[in-house]
Amino acid sequence: MAGNIFGHILRLVSFGESHGPMIGGVLDGFPSNFTVDFSGIALAMERRKPGVGKFQTTRSETDEVQFVSGIHEGKTTGAPIAFLIANHDQRPADYTGLSNFFRPSHAAFAWDKKYGHQDMRGGGRSSARETAVRVAAGALVAQLLEKYGITISACVSQIGSVKAAVPDNAFVPELIYSTELRCPDTEAAALMDILLAELKSAGDTTGGVVSCRITGVPAGIGEPVFDRLQADLAKAMMGINAAKGFDYGDGFAAAESLGSAHNDPFTFADNVIRPASNHAGGILGGISTGEPIHFRVAFKPVSSLGMSQRTVDIHGTPKDLTIKGRHDVCIVPRAVPVVEAMAALVVADHMIMSGIIRHNNS
Amino acid sequence: MAGNIFGHILRLVSFGESHGPMIGGVLDGFPSNFTVDFSGIALAMERRKPGVGKFQTTRSETDEVQFVSGIHEGKTTGAPIAFLIANHDQRPADYTGLSNFFRPSHAAFAWDKKYGHQDMRGGGRSSARETAVRVAAGALVAQLLEKYGITISACVSQIGSVKAAVPDNAFVPELIYSTELRCPDTEAAALMDILLAELKSAGDTTGGVVSCRITGVPAGIGEPVFDRLQADLAKAMMGINAAKGFDYGDGFAAAESLGSAHNDPFTFADNVIRPASNHAGGILGGISTGEPIHFRVAFKPVSSLGMSQRTVDIHGTPKDLTIKGRHDVCIVPRAVPVVEAMAALVVADHMIMSGIIRHNNS
Amino acid sequence: MAGNIFGHILRLVSFGESHGPMIGGVLDGFPSNFTVDFSGIALAMERRKPGVGKFQTTRSETDEVQFVSGIHEGKTTGAPIAFLIANHDQRPADYTGLSNFFRPSHAAFAWDKKYGHQDMRGGGRSSARETAVRVAAGALVAQLLEKYGITISACVSQIGSVKAAVPDNAFVPELIYSTELRCPDTEAAALMDILLAELKSAGDTTGGVVSCRITGVPAGIGEPVFDRLQADLAKAMMGINAAKGFDYGDGFAAAESLGSAHNDPFTFADNVIRPASNHAGGILGGISTGEPIHFRVAFKPVSSLGMSQRTVDIHGTPKDLTIKGRHDVCIVPRAVPVVEAMAALVVADHMIMSGIIRHNNS
Amino acid sequence: MAGNIFGHILRLVSFGESHGPMIGGVLDGFPSNFTVDFSGIALAMERRKPGVGKFQTTRSETDEVQFVSGIHEGKTTGAPIAFLIANHDQRPADYTGLSNFFRPSHAAFAWDKKYGHQDMRGGGRSSARETAVRVAAGALVAQLLEKYGITISACVSQIGSVKAAVPDNAFVPELIYSTELRCPDTEAAALMDILLAELKSAGDTTGGVVSCRITGVPAGIGEPVFDRLQADLAKAMMGINAAKGFDYGDGFAAAESLGSAHNDPFTFADNVIRPASNHAGGILGGISTGEPIHFRVAFKPVSSLGMSQRTVDIHGTPKDLTIKGRHDVCIVPRAVPVVEAMAALVVADHMIMSGIIRHNNS
C-alpha cells in the first residue's frame, strides 16, 4: 500500500488504524512563519467528530490534535507538521467474530485480496476514522487560504431521495454546522430527519450528496493537461470513503444541456472581463477563472447495516450476518468537513505550485 | 504548466499543440520485450480520428503514429517509447481574429489569465487534438493488458437528453465502433441522430455521457487511502477535455439508494467467494474486487457554436461572435476511445505498482 | 520545506525536531504480512545512539521505537508503518543565547535565510538526531532485504588523515559494531583514537569517510537514464547531515586510471558469465550487475567546536563564540548505521520498482 | 525502465536511442512568456558535439535542435517544450557482431540482465549521445537562470593523472570552450594533450574530473531533509554516463580537515552578514547560502578501447575483442556542457519550488 501521501508540493501523509492506539498525519511543504489558530482546528474536529448526531455512530472520541513538530511558539517553522490523534474508544470486542465473515460491500473483502488478511478490528485503514487526519490538516490549510481571501464551504444537498436547495448564499459554515444534518435547507432537512429515523429503526442506511463552494480562488491555478484543477479535486474527493461520484459546475446535468444554454458569455463591468454566468463551475480548460468553484460528491449508503444480511463466511458457507458495532445511518453529514478539508489541500497545493502562495515565507 | 505527465510508474508525457507541426508523447515505464501490434494502434487512431462522422469537425488528419524510440524490430526495449503524430490540416487562418475575443466557455480565457497570452491558433493545448496522444499510448497499453486478460470497452450512453440502454453485453468494441455515434443501443442512437441533425442546422451543440466497462482486472489493485483505483480513474477522466463528471458503480444513483438494496451480498460458487451483484462497480475500499469495473464520464456541450453568441472582445466591448472553425456538434462519440485509453493507462499503472505486471520483463 | 519524503514507491516520511517532544517517521509502501524482528530494530538504534563513545555527544536517549500503525500482531499489514521516538534529553537551555549568533558553518544561517527564523534549540531539523528516524526505518527495510539474500554493511574507512584498510571480508557488522569507532582495521582505529583524543582536548573536530558494501543484489535493478541506481544512492547519501562527497566502485580514483586497467573483463565460470573484477562497483549503465555494490561517503568535520571561534552576532558585530552544547568530536562513526539505513531504502525501493520484491504480498 | 523523467516541478523527459532516427526531450513546467535565444542553444550543442576534438569520436552530427511545441513566435507559451535532434551518422554496421560479446565494463551486460536483450546498435540509451537532450534543455534553462543573475560554468580539472589549477576566476565559459580540452589551465592542458595522444596511439582511454561553479544563486533554495540542494545535484550528476563520484565544497578533502580549519567564520561587510570563506561550497544544511556553489564530478575511462581486450562471448567462450566503432579517448571534455546542463535543471527546479522563479509568468 503506497497510496498514503496526497499532493504535489504540499503533501499530506496519513497513518493509523481505527482501532490502533492513534491515527495521525504529516503535512510537508507548508509555508513557515504562519500563525496557527488552534481553536479553529479544534472546531473543525468537533464538526467531524463521531457521536454527535442521533443518526451517527455512538463512538466517542475527543479528537484532540496533538502537534508534535513543525510548529514552534504557535508559528509554523517550515519543518514538516506532524500531529497525532489518540483513539480512546476503539472497542475491538465489537468486531469479534466479524473476521470470519465477508461483510457485504465492505472493504475488508478487497483488503483481504490485496494484503492477505482482513484487519478484523473495525476496518483498520478503511474506516471513516482515518478522515479525522484529513480534517485536521485541512483545517490548518484552510487558515492559510483564508489569508489569501479563499473560503471553502460544503453542505449536505441530498440524503437518500430527499434533495435540498442549496443556493450560493446558503454556503455559510456557521449556519450549516449549527444543523445536525449539515443541510441549510430547513424544509429538506426536516424530511431527511424523518427518512433517517425510519431507516434507523429498520436497521437500514442511505447515501447522499455533499455540495461544495470555493470562493476567492484567483484565476490561473490548475495544471493542464493532466493535473487540471478539477482532475485533482476529483481525485481528492474520490479518495474519500464511500464516495461514488464527483461532478463540478453543471456536472452530469451539462450532458443534457445545449451549448447555447450552457455557455457562459463574457461581460465587462467594473473594469473587469468575466463570465456573466457560471455553468462552468469556476474552471475552464483545467484552470480557475476567478469565479466561485462548485462541485458535488455522491456517497453510497453505509455498508454496515443493523438489519440482518445474507452473506458467506470465509469458508463460503451462507450465513445471516448482523453487525453489532456502532455505525452511522448516514455518513454524509460527517463527510462535509472531510470534503472541505480535501478541497483545501488541493487548492493550496495548486496555489503553491503556481507560485501565488510562496512555498516558503522567507 | 507542469501537468503534462500522467501516472505513477507507467507514465505518459503529452506534448504538442493543435496547430503546431505535430503532437506526440513519451511512454515511460512500459515493460520490455513486448511485441507491438501496430495495426491495433492504427485502428484505435482511426476510431478517434476527426472528420469521420457527419456531426464532427471536418478537419482531416491521417493520424499516423510514428514511433521514434523504445521499439526495436517490433518489440519494446524497455527504453521510453516516444511517438510523433503530424498535424496536416491545421488551417490557422480559420482562427484569425479570434484572438481579439474571449469565446464563451472556451479555455482561452483561463489560459490568458495563467500564461499571459491566448494561443490564437485553435486553442493550442486545450484542443481535443491533444487526446490523439492519449489514444496512441492507450492503445499500446491496452495490448499489454489484453495479455493479462483485461479488456476495456466504452460507449456513448447519453447524448443531450437521449439516454441509451447499455447492458453489460453491449460492450463489444467491434459493434460499438461500427456505429457512427459509438452507441450500441440502436433505438437511442436513431433519436440521437435526429437531435444532432437539428442542433447542427441550428449551429448549436450538446453534451453527453460515456460509459466504460473493464473486465478481467484481478482483485487487489488500487492503493488506499489516496491512490484508490477510483481516485486515479477519476483524475484520469476529469483530465479529459470537456469532462464535467465522473461516477462509478451505481454512482450518483447510489446516493438515493438504501444500504439493504445497494449492498452486494457475497456468495460461494465454483469454489470462489464473490459478490452476487455489482452495485460497487468492481471496487471496494479503493481496491479492485475482481468483478467488472464500470464507470461513467459526463461531457459538457462543445463551447464553439456555429450560431452567433454575445460576448466581449479583449477590450471589454460587447460583440456578437460567430466562430468559423470546423467544430463538432457533439464531442462525445470521439471521447469514447479517449476514455478507453486513459482507463488503460490507470489500470496498467496499478497492475505494475502491485507487481502483477512486472515493470520489466527480465 | 517539502523535502521530507524519500523514495519512489517505498517512501519514508521523516518528521520531528531535535528538541521537540519526539521525532518519528512513516514508511509507506512496505509489503504486507512481513514478520518484524523488533529486536533487530532496537539493535540498529543502539548502534546509532548518542552517548556511546567517548568522542561523542553525551546526550542520552533510549531511542526506543514505538510503532503506532501498520503492524498487527508482529506482522506488517500493508498500511503505512508509523513510528515515534521520544526525545528525553533535549536540554534546550544549552542553546540559550545561541540564537543571537551565526555559528560558523552551521545550518542555522541558511535556515534563517529560507524560513525567516533560526530554530534556536539545537538546530531543529538539521540536527543529527533526525537520522534516528532513518535508522529505524532502514533497519526494518534491511530485514526485508535479508529475506531476498541482500546484506548491507558499512564501516569507517577514514577519520581525519588516518585511512583504514577495509577489504571485502572486513564488512562484518558484528565485528564493526563491536568497535567504538566502527572501524574494522584495528591498527588504523588505534591511530584514529589518538587523533580524536587530541582533538577533543583541543576542542576541535574532524571529518572522515564511511565505506559501504552491499551483497546479494540481483542483476537488473536501477532505472536509467536519470534514476540510475548510483544516482539514487548518491541522492540518499548526500541527504545525510554533513555529507560532502559520494563515489562508487573505483570512484574518484577511476578518474586517474586507464581503461585497460579499469575495465572488468568478463569470464565464464560455474555456468555464469560475470566480471572477473569489480572496478565498476556492482553497477553498469545505472543497473546492478549482480556483483557486490560498494560506495563511499565523505563527511565534513562537525561544525560545533569546543574551542572559541570568531564570528558575528545577528547584528553583524564580531564576537568570539564558544558553543557549550554536548557535541561529537567526530560524527563519522555514528553515520555508519545511517549510511546502511539509507542504502537499504534505496535498494528496496528499486527491488520493488523492478517487481522483484512484490509491492504487496497478496 | 521508468527513470527517464528528471526533476520535481520543472521536469525533463528524455527519449531516443543512439542509433534510432532521432533523440529528443520534453521540458515541462517552464515559465511562459520567456523569449528564447535559439543561437545560445545552438552554441551549447556545438560545444557538446561529437567529432570536434582530435581525441573524440569522429561521429559527425549537426545536432540541430528542432523545437516542435511550447514555443510560439520565439516565446515560451507555458505548454510543454518538446524538441527533436536527428541522428544523421549512426552507422549501426560498426556494431555488427558486437551483440555476440559482452564488452568489458559496458552497460550492455546490465541492460541484457534487466531488459532481456542487448541493444546491439551502439549502446542505445546508454550511449553518451543521449546527453545531447540534456544539453539542449539545460541551455534553455540556463537562459532563464541568467535572467535571475545566475551563471553556471564548468571545466575539466583533471584528465588521467594530470590535475589542473582551476581558481574561481578561471570559470569563464568563453575561454574554457575556446580550448579543445575545456581546461583553462594551459600548462596542465598541454600535459593532458600529451597523455591523450599517447593513449590514443595505444588504443587506451582514461577518465577525469569536471569542476563546476554556480554564482548568483540566492540564499534559501534546497529542501531538507531529503531534497537538499546537494542531494539533487548529486543525483543529477551521478545520472550522467560514466560518472563515478560527486563532491561539493571541500568534498572528500573535508574528510581530512579539522573543524577549526574547515569552518567558514561569518563576517559583516557592506551591510551583509556572510561567510568569510567558502569551504562549504555555497550550501549549508542542504540550503544555498548565497555564496558560489562549487562541486566536482569524477568520470571513469571510456570502456570501449581501441586495443584488444580479453572477454567472453554470449556463450561464455573466451575471446579477444577489438571494438571498431568511433570512440572517445577521453569523454571528460565533452561532459563539461552536460554537467552545466544538469546543474541548470536542478537550480531552476529549486528556484521554482521555492517560489523565487514563478512557475508561471501570469
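For reference, chains read A, B, C and D in written order, and residue numbers begin at 1 within each chain.
Basically, a contact is a pair of C-beta atoms (placed from the backbone, for glycine too) under 8 Å apart; a residue touches a chain by one contact, two chains touch by 3 or more.
Treat the numbers as computed from the prediction; the structure is a model and nothing was measured.
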Third chains touching both chain B and chain A: C, D
Equivalent interface positions on chain B and chain C, same or different at half: same
Fitting chain A to chain C on CA atoms, where both chains share a sequence, rotation angle to nearest 5 degrees: 180
Centre-of-Cα separation between chain D and chain B, whole angstrom: 39
Averaged-CA centre spacing for the pair chain C and chain B, given as whole angstrom: 46
Rounded Å distance between chain C and chain D, as computed from the means of their C-alpha atoms: 27
Overlap residues in chain B, where contacts from two or more other chains coincide: 1-5, 9, 14, 111, 113-114, 125, 220, 353-354, 359-360, 362
Partner chain C, residues of chain B touching it in the complex: 8-9, 220, 352-355, 357-360, 362
Contact set on chain C toward chain A in their complex: 1-5, 9-11, 13-17, 20-24, 26, 28-29, 32-33, 68-70, 72, 75, 77-82, 84, 111, 113-117, 119, 124-125, 359-362
Partner chain A, residues of chain B touching it in the complex: 1-6, 14, 102, 104-111, 113-114, 125-126, 130, 158, 160-161, 199, 204-209, 219-228, 230-239, 241, 243-252, 254-260, 262-268, 271, 273, 275, 279-281, 283-290, 298-303, 305, 307, 309-312, 314, 316-318, 353-354
